Amino acid sequence: MKPRVHNRAPFRLLILLVALTMLAAACSSSGDSGEGDGSGDTTTTAASSGGETTTTAASGGSETTTTAAEATGPKVLKVATTANITTWDPVKSFSTEALYLANIYEGLLRINPPDAAEQFTPLLAESWEASEDGLTWTFNLRSGVVFHDGAPMDAAAVKASIDAVKERGGAGFIWAPVDSIEVVDGLTVQFNLSYSAPMELIAGSTYGAWIVSPNALEAAAADDTYFETGVEAGTGPWVLESYTPDTEILLTQFTEYWGGWDGERSDKVLLSIVPEAVQQQQMLEGGQVDLATRLPLEATAEFADRDGYTVVNETSWFNYLAYFNTLRPPLDNPKVRQALSMAIPYDDVIAVGPLGLATQARGPVPKGVWPYSESTPQYTQDLEAARTLLEEAGLADGFSLRLTYAAENEIEGRFAPVLQAAFAEIGVDLQVEAIGFGQQWEEAKSDPANAQDMFVVLYWPTYADAGTDNLWSLFRSSEAPFFNLSYWNNPTYDKLIDDAGALTVTDPDESFRLYGEAQTLLVDEAPGVFFFDADAVYVVPDHVSGFDYNMNYPFSLFFYPMTAG
Amino acid sequence: MRRLEFVITRFGSTLMVLLGVTVITFLLARTVPTDPAALFLGPRARPEEIAKVAEQMGLNDPLPVQYVNYMKELVQGDLGNSISTKRPVLDEIFARLPATLELLFAGMTTAIIVGILIGVFSARWKDKPIDWGGRALAILGVSIPAFFLGMLFQIVFFRWLGWFPLGGRTSVDLRFTSPITDVTGFLVFDALITGNWEGFKDALWHLFLPAMVLAAFPAGLIARMVRATMSDVLSLDYIRTARAYGQSENLIAFKLALKNAIGPAIAVIGLSFAYALTGSFFVEIIYTWPGLGQLTVNALLNLDYPLIMGVTLLGAIAYIAVNFIVDIVQAQLDPRVSLDD
Amino acid sequence: MTDRVHSDGTETDAAATQPGSFRQVVAVFTRDRMATAGLIIVILFYLIALFAPILAPYPDEGAGKPNASALTQPPSAENIMGTDQLGRDVLSRIIIGARPTLLVPLVVVALAILVGAPLGAIAGFRGGWVDTVIMRTTDLFLSFPSLLLAIAITAALGRGLFNAALALVISWWPWYTRLVRGVAVSVRQSDFVEAAEAIGLTKMQIVRKHILPNSVTPIVVQATIDLGIVIIAMGGLAFLGLGTQPPSPDWGLMISEGRSVLLSSWWVATFPGIAIFIVVFCFNVIGDALRDVFDPRTRR
Amino acid sequence: MTKLLEINDLSIEFDSGAERNRAINNISITVDRGEIVGVVGESGCGKTITGLSVLRLLPDTASITSGNVRIDGDDVLSLSNKKLRALRGSKVAMIFQDPSTSLNPVFTVASQMRRVVKQHRDISSAETRRLMSERLEAVGLSDIDRVLAAYPHELSGGMKQRVMIAMALIGEPELLIADEPTTALDVTVQSQILALLMDIRDRFDLGIMLISHDLGVVSQVVDRVVVLYAGSVVERGPVPHFAEPEHPYTKGLIGSIPKSTTERGSLEPIEGTVPYDPGGIGGCVYASRCPDRMDVCLEAAPSLDAVGIGTAVACYLVGQR
């Protein structure tokens, strides 16, 4: 676990010093005569030996003349993204890198958007079936698929990948129902479950369901940092050609991709990591990129009115909510929590936060995701009722609360002041504090008794089942808090959720009813505030074809069908 | 021999200061309110894992022991690992360093040239309109925060005039049309020496605004200093001698007096560098320049304190080094300077 | 040489600075019209900061209350500087934001002087190991770029206005220690301290009666210039998210917030930027005028 | 025939913001070829200003309100800048009081001399070198190569002044203005430099205006003396005249000079100081300090009246005799 620096480092520290020295010398001398060539040379050479992670430019590109490259150069799809790589390890991955990994790796199947004719698209599995009791699932794998490292994709690889995720994966919990995985034959794999669960949804998860080359898994088991420099071993259409941390990722066609490369396809995908929305806007407008994943909210409205752009606006899995710290007075009193929920002007929150591009949430289950129910109640602003409730709780004189939100989330930063102003109306003084999400979570998890009173979080289900994820992860009680950071403990709710979960496959209707009951109870008890489900908004220039947002993969765009004409 | 002695003594005291600097960064790193081990493992860690890592990181040792260990690792070039990326801090810093150095180099060179020119013109035409203009420019430079000037330039030169790009180091297309071969990490320079004209233009075009913004504050400082020292020098006897022997005012200002004035004025270059270094943080954010500044700002967001302290330490080292060099350059410029400090 | 360069990059030769009376400071403003104008503007801004809640057209919005019905509106009769992304009146935000932006740096510089000046006086007057210890410590702090040190300290202490201000005090006091030490050393060597010792004044009395009064003018000159720099530094910390926390207003923070709508709604970031520029410019003009008079190096 | 240098009725005022002070008041001085003229007076009496005015080197705050300065008949004050620069260092050269501040510390002797050559002569670098060596030898320096390569601070005071004189000789001047050239030097070096001035006067047929506060020193080398007090000429005449000076100021000046024959304690400094704004005084400029002051002295300034051949004194006492 202990991180190591490889042993060239002291040498490099020396070089850094030399480089800085030279820089300074060059600066000083240039003040004298404006000459600095000789020293500039040394400086830059020294400095560059530090930048070892910068992979060299497009292979062969530098040999050909520029004009030729322009004429016959590769067809490149250029995308500006904000997504950082927290890890290249597909087993551990549980974050924004899903955007890239989803194009490099594949799972057994993919879940289609709600409006599609078929519910699933088979990927590495050609077909699958479940036993009557939902406890045994058999997947028949596609033949002739190879990993990017040349290894064949087979049942053993599937078993190894999922076992690895179960053991050390970031999203390993999704496989919790799986008791054992059996390699039936080379291309048949069987999952034995300890309780019934919708295995298609799990196998189609955004996280923790990628099938990885056994060679890489072995290497990674031996060396923790195996993947970190930008190594991959998937079966997907794209191979990672180069990676410059925090700067860019270049994907290139995997020529042996089982899906083939017929039809209009891009040769390469260049992903520029551009954290700034304004910058992405400029690049999109200037034609430097074909697609931008994050634009200033204000700008999307402008794009909708302009020729040459289509604004894709779809419901998404992004559910904004805030936990109340139910361990501590006065928030241990449900009346206070209800009063606060009633004090919020939800329309204003939506108008200011996501600029209207959202719908008020019904509990923590995003619209369009199982087991979302239109019958789950919602709060509406009623200051009178809120004040009355506070009076009943003996808190008519008000109190103060501390709210934290993720500094990196622009939308939260925008609506937090709306909450502050609204709470002031009922005499509650709300301190809002922007901190890094990691810090925020750390604070809530490590010391519940002293944690923030309110914790704004953007949550989305790990796979297309908000019952086993959102409802369970966010509010079911547990000993060590993980994501249930309201620390709410309601046995009735716990039982409803557990029962509903077990019936998902075998009796979906009953499961839905029980989930519904749980959601109503949840909203009524208000261990959290449920703000809105944000829309996924993309501005797609007309010259880009094949763009298709799949709400089941909220962080991923699939570049295989996309071209920039 | 005395010159060498001077350098050695000066170097010795510099080393002492460096040692003190490490104490400060070490203590700051230990002041961080959250548990470093928990922070390192991230939110998903189990308590027993955290305890194990805390043990491995030596967090249970007494502070002096921790400091000694910190120093042991430091001299091996180990500044610890970044919390957010898990990669060695030094690797992260080196990956970003060339971009920042290129920006600093361009900014400081511009600042020094422009600053000296403004200062000399101001002093040469003291109390004339040129002087008023020069002084106004100098005060302007030190009065506009880099983070505002950067945005102002974006509005004017990108939005209104369309002359320069909004940010970034190169156009995205460049890597396909005429990729710059990495030689030194200074893109403008690399493109030039590899004869990549398109790449050179593109990189320079992107470098221009950030470098100008970065240069503003140091240029103002240098201009004010040069004006002051030049004014002093211009009133001295030997300048009158030069006049008495028919030397032209321009020769006097730009050569005879400047060589005298530049020594004391150079003292401010170390300080300008300090401002440019922190200024580069803001410039990098505003112009999405992929350098140390962006790295640090992300680190601030994630409370990635090994990275923050690494950057702080290197910043201090750079500053100390620059001051060291400034002292020596000053000594070189002025034959009279006695070197026994 | 480097030792004498000050935090604003000018050389104030403390030892040679005349111990000027406050009357001389006043005289500067009666003579120099630019400085007078600067002073008036600065005072005006501070008055605005003091009476902010009364002056702001929309005090609630200024303090952070969003207005969902008027998001990012361009300047108009109701909002002469437009509104920001949360629909808040930019002018009101600037006026309310003048408090943390202008008053906190005042406190920061005052505290830096309060900490730094006595230490400098003691170091310069006592000499010996006391001097060595104090000045080595000073050197240590000064070997960091000040703002970088402030950033690191704030990162360690945690973000927020208080911590940011504290970090700036920690980064800035050594400048005053160095300044006052210079004065102290020159005063110690002067005759009247000998005389004072002869008539039996204690060292503390000498420090209080001779060294500190003689330091007032250089400190005033330096503080004027430093105020501009500290305002920029505070703004920088706020811009980085380390200073004032939203939704409280602060000019640096407002500029930072305005960045995401820079291209479509320039007014959100531009007006606070102009405000910060004007104040700092005025401080620099005043500082320059004072230095011209009190610093013999640049005096004609 | 026109004189080499003619200063006629020159008045100079200083403008220090609020007030204007007349520093030089209608003075006239001439210097001819082959002649050394001493300009003598206390510090602050306007000697240096007079010297500088010849080359129009006055500071920006000074302005000439009347009179003219002619070199070989040409009016210096109306010369174009270009012609003025051509004049400086060639026809008229100047050496200054303190050789250690008058040479640029960061350039070598060779570099500073070469620049003067370049300014006035179009000759090859080898010839330049030869010329520089020749002049340095002419001022009595040896080890020429070392001197040329040296920075000013590496030379002694006397050597520096010799270098200054050599530099002055480069442009083959006809007039040399020497402003207190020996004041900053040791006594032994002083006389060497003075001897050198006489020597070069003879060899180059120079006219020299020697400015000094020390009448005793001056009288050893000059042909004529002009005594300045508070911006006015109070007495002038050939050296022998000053064995018995007539103006009370000149007498005082001699009284305050230490001589080898003077006994200890018999030095008599002149009481008081030079008035700040002599132009604003109605009567005799010296009246405030004069031991022989009369009522008339305060009413109107005495005129500078001839008392002999080439001799003139501005004092009412002289008229009464």
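Here the chain labels run A, B, C and D in written order, and each chain numbers its own residues starting at 1.
Note that in this section contacts are C-beta pairs under 8 Å (C-beta built on N, C-alpha and C of every residue); 3 or more make two chains touch, one makes a residue touch a chain.
These numbers were taken from a predicted model, which means no experiment stands behind them.
Touching chain A and chain D together: B. A comparison of the B-C and A-B interfaces places the larger number of contacting C-beta pairs at A-B. One finds 22 Å separating the Cα centroids of chain B and chain C. Separation between the centroids of chain A and chain B, computed from CA atoms only, is 36 Å. One finds 43 Å separating the Cα centroids of chain A and chain C.
Taking the mean of the C-alpha atoms as each chain's centre, chain B and chain D sit 53 Å apart.
The residues of chain B that reach two or more other chains are 158, 166, 263, 266, 273, 301, 303, 326, 333, listed in rising order.
Looking at chain C, residues 241, 259, 262-263 sit in touch with two or more other chains. Interchain contacts (touch definition given at top) occur between A-B, A-C, B-C, B-D.
On the chain B side of its complex with chain D, the touching residues are 236-248, 251, 256, 259-260, 263, 333-336.
Chain A contributes residues 276-278, 281-282, 296, 298-299, 302, 345, 347-348, 351-352, 355, 407, 410, 413-418, 420-421, 424, 432-435 to its touches with chain C in the complex. Chain C makes touch with chain B in their complex at residues 1-2, 4-5, 7-11, 136, 139-141, 143-149, 151-153, 155-158, 228-229, 232, 235-236, 239-242, 252, 255-256, 258-259, 262-263, 266, 269-270, 273, 276-277, 280-281, 283-285, 288, 297-298, 300. By the touch rule above, chain C contacts chain A in their complex via residues 60, 64-66, 68, 71-72, 85-87, 159, 241, 245-247, 259-265.
Against chain B, the residues of chain D that register as touching in their complex are 52, 55, 57, 85-90, 93-94, 96, 98, 101-107, 115-116, 119-120, 151, 153, 164, 167, 171.
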